[in-house]
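So, here come the structures, one by one.
Note that subunit A is present in both complexes that follow, paired respectively with subunit B and with subunit C.
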Partner chain A sequence: MSSRGPLSAAPTPGPMADILRGRARSRQGLFVGWIRALTPANSWPALAGLLVFAAMLALQQLIEPGTQRLLTSVFLFVALAQAWNIIGGYTGYASFGQVAFFGLGAYTVAVLMNNYHVSFWAALPLAVLVGVVFAVAIGLPLLRLRGHYFAIATLGAAEGAREVINNLTSVTGGGGGITIPTFGSDAPTPYFGKPGFYLAFLVLAAVSVVVAAVLARSRFGYAMVAVHEDEDAAGAVGINTTVVKVVAFGVSAAIVACAGAFYAFQQIEFYPTDVFDASFTVLMVIMVMIGGSGSVVGPLAGAVGLQLLSQFLRVNLGNFNQLIFGAIIVLVVVFFPQGVVTYLRDAWRTRQFSILDNVRRYRL
Partner chain B sequence: MIAPSEVPSVPVLEVRHLAKRFGGLWALRDVSFSVSEGEILGVIGPNGAGKSTLVNLITGHARPTTGQVLIGGQDVTGQRPWVIAHDRVARTFQIVKPFRGLTVRENVAIGAMHGNERDRSVRDSLATADELLDLVGIAKHANAAPMQLSVADARRLELAKALATRPRLLLIDEVMAGLRHHEIESAVELIHRLRDAGITVVAVEHVMKAIVSVSDRILVLHHGSILTLGSPREVLSDPRVIEAYLGHRYVKRRSE
Partner chain C sequence: MSQFLQAAAYGVVQGGLLGLVAVGFSLVWGVMNVVNFSHGALAVTGAYVAWVLNVRFGLDPFLAIPVVAIALFAFGYVVQRGLINLVINAPIFLTLLLTFGLNLVILNGLQLLFKADDRTIDTSYASQSFAIGAVNVPYGRLAACFLALGITVALALLMSRTRLGHAIGATGMDRGAARLMGIRARHIYAVTFGIAAALAGVAGTMIATVGSFNPTTTPGQLTLDAFVISVLGGLGNMYGALVGGLVLGIAESLGGLLLTGTWVNAIAMAVLIVTLIIRPSGLIGKALYSGRVEV
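After this line comes the complex of A and B, so read on.
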């Protein structure tokens, strides 16, 4: 045991003091550091992503219009699931109101294009802005709530947003819906057509995956996980939990609003009940939960898997497709409560593939 | 040895008439003291004496009903935890609060990312984390999940997480409870090394023996009030302290 030194002892120089005070490390730019840190072992997800993106671009030339439309909707849900995962998965705030940003994005674009003859590309950033502003406005009070309370409050906020759009008849057309002029001299921006929207939603999906992947590996990503795990402990290590929650909510809202904007243009004509449909939110949640929350691949796999499965059942099973779809979701949730991708990753790491053991582990 | 009162500089921590009421119960009442730079202050008291409440009030995890908290002479009363953390105050939690979904290394790295003297990249933070894990002696568990750690190692992780924020004042809340004898010894040694490296320590403990060997001064809390504050020898020989800890009968028996 060391003896007690004088009370106002000067710090003893040496490695111990260095470690405890921190010493200047290399001050290279963020991206330079990242690129230097790339190794074959950690760059394969990025390469795989690039390959898939290229394959999807090439595939467009080969497929028929029906398949093209299906894949376009898959891309939409990839973006929505990634967005939900940022606030619901990483940050741990299960929002049941994300469709509000979708609807607001859609209506911002439609109103600007229809009423003010603004081009789509000028309306798009404004749609994102409206989504983010609404997210910050409701996030500041609602992100103080936890668990079920937050879920219910966001659900209410989304219903409220729909009612506002519904009742602003003079601007939005109210319940009578709204139409975006897409042809002739009335059109502020010419309609993209099927190939155009395939490309647009593919890029949107890719951007959302990249945003999620970059966030997840950043200091902010660790802050989101820390907030998810324990807000008191996160605050104690210097994380401004309010900022983290609001920013995560805002980023999520930005992606969703962007998706809503493209969706509006694609649909041309729609009603508040279409773009504020709570089933969008429900699908986001289910896709993330089935795939596995808190990772980038989980929501990606969940969105692709469920959207393809749903289409397959609709084509092949006729009337009972929804019933079977629901049953499959229930079974997956029962057997893989942590999500399929998370199960596979953990099973691969531990070499334990027993599904019964998995159920026991998560269902105590 | 210089007595704390003669140190001319502003105290690292000063608490003035701090009080906290939970409903009808005063968890803490009119507590005032100050801690000088480089000092190790022990805080002891029976269960429910208000020790953890005191730490929570200092670090912003609870708001005082009345009174003030000053860090380096600045009033930080009622500030949020991350503001206090950026005033170079770190803490551990009595009930350990690891980030369960992350590895031990990542748990520590978060403090290096978001505390003071921040590392600019995740990679640098992880390197810092490795150094700190080595320092507290759990480097071999760097890739483990925090829930796999033993009680002693989980406490060490708490300490490493706190140190990663580069504090000048460290509040440790019962870091030795439930540890074995040799584990307590190494914890005591670590606290001395921290002080030698320039960190002021406030150590809340239930284990009397451990606290006596680390502290320069000891503050005794009882029913939310300060029972006494003095050198370990003074405090240990104070009959009120013995009574608070061991009850009337022990005091009577000893005096017979």
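After this line comes the complex of A and C, so read on.
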């Protein structure tokens, strides 16, 4: 992973970076400093983000339920891809067990709502807490491993978590699945319906993008990139690499667990194999890698593009859709190994648009 | 007690087979630093080749092995030469992503060709068994286990005694130096992947003979097993893969006897994680090659 140049990873310092570094001392100074530091050049991503958010809100009134459902799933994957990018992209620890947090979040909400009649809004923070606690618990020993070893250990942790949920039949219903009561007086929280979940996942996606953007431009974000580029050197310049890795893992887990909680409520009824499905993890990785890891726009573009593409193929190609989807992944990996967004950005900067040169970069 | 012995015997023969599944995976990982997500798919492809030969021409699966091995070797060689070599210097997870895409293509191709039904290669002897005391040993599984042992030993000899094996080993240790010595790394990588694919195909044929397979659930399970076994055994270590396979096979069959439900899977994962934390180089010795990526 360290072969990626520092140029492509270094986030541009913004006003938030100063604040998080503690340069602006007084509270008033902090706020004024932030406003003063805003220029058209550095505030356009935030403005563009706001515009997109507003456009998505407006769009909801125009589209039919089927499209609404599709966009809801796109938002879900935007959140998941951003979460994976924090630990896998910025910090360089490719977790193949993120789905564990998704499943734990989903089951926390379902068990609390079903067995204990807790409202969804009370269960949600607990689900996030469970995800974070599990992340810290497995992160402390596992984040000492590097490369493939970390990937496999997290994969094992996710499989193990699924098996535990699967076998705690008295609490979770085991392999028979679990159902969240949503109708009548049984329901602790009334069901959101399609429009409600559209909003919920839109907000979740927006929050995850903002968290990733703020994190990337903070002192902590630089520490994550430093750990990615060279962990020993990062330790040598005084970064507590253990804290950085565990916190990055925890933040990522929090977002994923939150997504899992909403997903559980949306699905109403599900099985351990649904919410611990390793293909969620694989999709997160693919979306980040194909979009371009270590940036905020990359995973966003990857998640939106891939989810829309896979849906398009499913509708139009029938049985062949997975075959073509796989072939497209292969081609994108071969032609844009650094991710599509990263390729476009670097090509724009250097005016080198040749795709063949791009292929030659990593060829043997 | 007899129940215990029976489970242990089953674990041993199953473990040998699992070792054969993992040895190619471990070789590719150790030499090229590529985690081959499509390993299980290659095994199932081999199983289909043998199945077609059996159904169409009535060829015995054990006799079909050379055909399967040659077909899969050719396929693996082309895939590595034409595809994986293109991104071999990229960050490690790109090759994983590439093999994941390949996995999707192969599996869905197979599914379109052969449907998603469970298949098995029927032979007159595979399900017959003989008894040692109170323990029943099925002929098919025993033969598969011996074949796995033989192939593993042959591969280990290939790696340690032949020029080709030394070239593979050298390329795995230091590609830059190996190329300076006149080793054609592109070709060696392709041969390595071809060997791994052929071994996977043979393992798939054996699985089809002693049990059943399908293109939807079997490949993922095999890839995951190969993962676990390679880590237990140490990467690029032929005998390590066999030991890892035996450990997993015995642990799973004894666990299945002692524990209810699927707790055994949770235990297997716990063992995997603890092994990784305590001995990342595997249970026996050091990994032969530390996967390095150089020019």
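The rule is short, and it goes like this: the second predicted complex is superposed on the first by the 327 of 364 C-alpha atoms of A that agree within 3 Å, B and C clash if a C-alpha of one lies under 4 Å from a C-alpha of the other, contacts with A are read in each partner's own complex, and residues count from 1 in each chain.
Quick note on the criterion: contacts are C-beta pairs under 8 Å (C-beta built on N, C-alpha and C of every residue); 3 or more make two chains touch, one makes a residue touch a chain.
Since this is a predicted model, take the numbers as computed values, not measurements.
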(message) According to the stated criteria, A:A94 is in contact with first (subunit B), second (subunit C), both, or neither; which is it?
(response) second
(request) Pick one for A:R361: touches subunit B only (first), subunit C only (second), both, or neither. (result) second
(message) Touch test for A:L309: subunit B only (first), subunit C only (second), both, or neither?
(response) neither
(request) Classify the contacts of A:A236 with the two partner chains as first (subunit B alone), second (subunit C alone), both, or neither. (result) first
(request) Would you sort A:V225 into first (subunit B), second (subunit C), both or neither based on which partner it touches? (result) first
(message) So in the superposed three-chain picture, is A:M56 touching just subunit B, just subunit C, both, or none of them (first/second/both/neither)?
(response) neither
(request) Pick out the shared contact residues on subunit A: the ones touching subunit B in one complex and subunit C in the other. (result) 1, 4
(request) Name, in rising order, each residue of subunit A that touches subunit C in their complex. (result) 1, 3-4, 88, 94, 138, 141-142, 144-145, 147-149, 151-153, 155-157, 159-160, 163-164, 166-167, 169, 174, 278, 282, 285-286, 289-290, 319-320, 322-323, 325-330, 333-334, 337-338, 359, 361-364
(request) Over in the complex, which subunit A residues touch subunit B? Could you list them? (result) 1-2, 4-12, 16-17, 19-22, 25-27, 30, 33-34, 37, 217-219, 222-223, 225-226, 228-230, 232-242, 294
(request) Would you pull the subunit B residues touching subunit A in the complex into a rising list? (result) 1-4, 7, 9, 36-39, 59-61, 80-82, 85-86, 90-91, 93, 97-102, 106, 109-117, 119-125, 127-128, 131-132, 135, 161-166, 185, 188-189, 192-199, 213, 216
(message) Help me check something: in the complex, which residues belonging to subunit C touch subunit A?
(response) 29, 33, 35, 83, 85-94, 96-98, 100-105, 107-109, 112, 185-186, 189, 220, 224, 227-228, 231, 260-263, 265-266, 269-270, 272-273, 276-277, 280, 291, 293
